[in-house]
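The first chain written gets the first letter, and so on, giving A, B and C; residue counts start at 1 in each chain.
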């Protein structure tokens, strides 16, 4: 007997967003289509819709991320929800209360959506298993595991510029090993039918095992982005930049930094993406970030719309 | 000549909530009745009422408490107020400004309600004495003195499950000495006509002087909860768990921890309450928290409604 | 060729508020007149207008100031805007992202107004130069340079009590050298036609070079506030109170502290102002703060209205 996907109810509707892994293509497409309706909202005089009016969205960031929290806060407020930012590091968990007791308490305050960021992979799953049927969980990044809204905004961006996934070559360049963004992108691209997906970087950051996910592992940038339609660059975390995994950020840039010259290996109309925040001159050259192929800022704009879509969809479905 | 109760205006209407002590039974009942109207709101599609639309609620937490602050924030937003959380520890008081200057400044910004948490007993009284007639003060916990909204939500919970106070036996178990919750409960229960109220714990935490408040002091759990209708367990603060007042949390649990076996001393339909956050296995056994007699999570839900009621009532009355 | 004022669009309309310096008298008067309409709002049952409904105001406080941030948050919410407080010290700038990348990212989230506080003089100008045409920047204090909304609320206060600027004597007393408030006041008062403006304090805090700004430099309090209509006292920063610039706060008070006796040098109907937070007994005596000539608390009230006016005006104009 197959275990039911915890993200879907028995009608196959999205009730939690925990990972892009295991989400059917129709759900991914529903999110992207819904986001499309919200993108145009940003240009309107009044940027709000009443979809979540009177609903309560709790930002539970066990791991600090002002930027991601803010994008969810903006998205929720544009849907007319009330948003509560919990400074969870200073709250009752610090007084020895368990994660599940904290969640049970917040649920009893009539929460509708928990947006959860947590250092431990799987924490949002644990929470989703224990919330009442009217409560929805959106994963805003858990350990190395998943960052599904980032993955979905990447899909929205690719579809916006390239229309169709089924004839694309996509390269993900950088610290794939430690990147929840890369994992979320790989699962979504695979489901959406991307036929040629490469992960690119040194052996320490892109081990051969990634081939098991159905992607091509490349250890030179030239091989990795050759004729690519889309080049997704990843942030190199400061803590990797010296020591065992990498000799230095300078060495990394010499081999894998995305420069205007190297971008000529990709297709002429290739787009360059980055989840931010960017280390200019480490994983990517400044002139590429600011150049004509960069879609880094549209990614941010689309990210608000995608998060609105996810929250709007899950809030409409019951467990 | 009797000094006027600072919580009431000359018509006897509630203008500040500082303590359950000295509040007439009619005011307590008005708050519980009003809260009852708001409890059902949590089940509605849109959980908001426009009672405080355009009003400004300032959360002034001189002592940090994310949980309590959040419950007030939720309550205020459900009443459609604008809520301002002041990180008071980092603000002008840190620059040497006096408490009363800070309050005068915030009042000049056209505040309507101050929700005050302060480490010093009496600070909310001092503030209430100095605010303009249109400003209302709600005590969210001051020193060991009072935590009146917690006391009122406890009353709401007891009335919800037991209907009438005038034939109840209620036991408050634990660190009564240091508990503002216990004090607020005792005053409210006494005013509401509870005929049999016991405080239960070791002599270091429940000194004989409590008898002066008209309650029975019990130094064994069996005596304390014998035939009780309601068992209110208190959180044991970590700082009490070793040293002069208690040998250890383990020793405490052996004598006063509320377990399923010991709950058999109470009435079969007794309810168990706790203000949270809970130390499972210290003041109460996990199986009691999660068992059928526990009303811990309903307390949280009722707490939102009680805070809405308090803010709605005081905002409607002038000094 | 004259460089265009970065605060104005080509039609001469206010698009950013960066400094009172260089603003034409008509713009200053437009802000004060608009604020006048908002002052009365504070007495109404519902203190909100829908002018910025659906717009997003981002508080970017690179330098912490709970009080100033709160006044902008109140002003924005009274205009029905959505407000986002970015804990910028903990955000991506801390991860090595540049200021302009942070700004570009937030702009891509469809921000409408950035309220910027920054320790470096000129930071709001840099930001204003790089934002999209639909985004407006309001300086909430940059280094020693400017604090234009404080300057404007001071102008509003003076006009409220004294009606006309063209026959006034105004004294600014204290640490003029390090005060962005003093600079903003001087520029605004000069443009509004104040004929007699004095800066008053010891040589270390009020150097002779201030005469270049067209003000009279006075090194005794008697000379400085003699026959003044308005006495603006400045906060003495704690870090100046000992060491090279001042022997001690006690010595300062002996020479320049504003007391009831010394206020007799000024006109009998002179008003006393202070930007807060006040050091009672250092730059000003408590009895003056609380006395009949003090307009310190009305300044706070007017400050909300002035900030509403500024945000309302800039949001209505395109670059």
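Worth a mention:
The rule is short, and it goes like this: a contact is a pair of C-beta atoms (placed from the backbone, for glycine too) under 8 Å apart; a residue touches a chain by one contact, two chains touch by 3 or more.
Heads up on the chains, UniProt names are A, B, C = Aspartate carbamoyltransferase.
A quick note: this is a predicted structure, and the numbers were derived from the prediction, not measured.
Taken as a graph of touching chains, this assembly is fully connected, with contact between every pair of chains. Where chain A touches chain B, under half of the residue numbers in use are shared by the two copies, so each contributes mostly different positions. Between the two copies, chain B and chain C, the C-alpha superposition involves a rotation of 120 degrees in steps of 5.
Centroids built from CA atoms put chain B at 41 Å from chain A. Within chain C, no positions touching two or more other chains are listed.
For chain C in complex with chain B, the residues that touch the partner chain are 42, 44-48, 64, 66-67, 70-71, 73-74, 77-78, 238, 276-280, 297-298, 300-301, 303-304. Against chain A, in their complex, chain C makes its touches with residues 53-56, 82, 84, 86-88, 90-92, 95-98, 101-102, 104-110.
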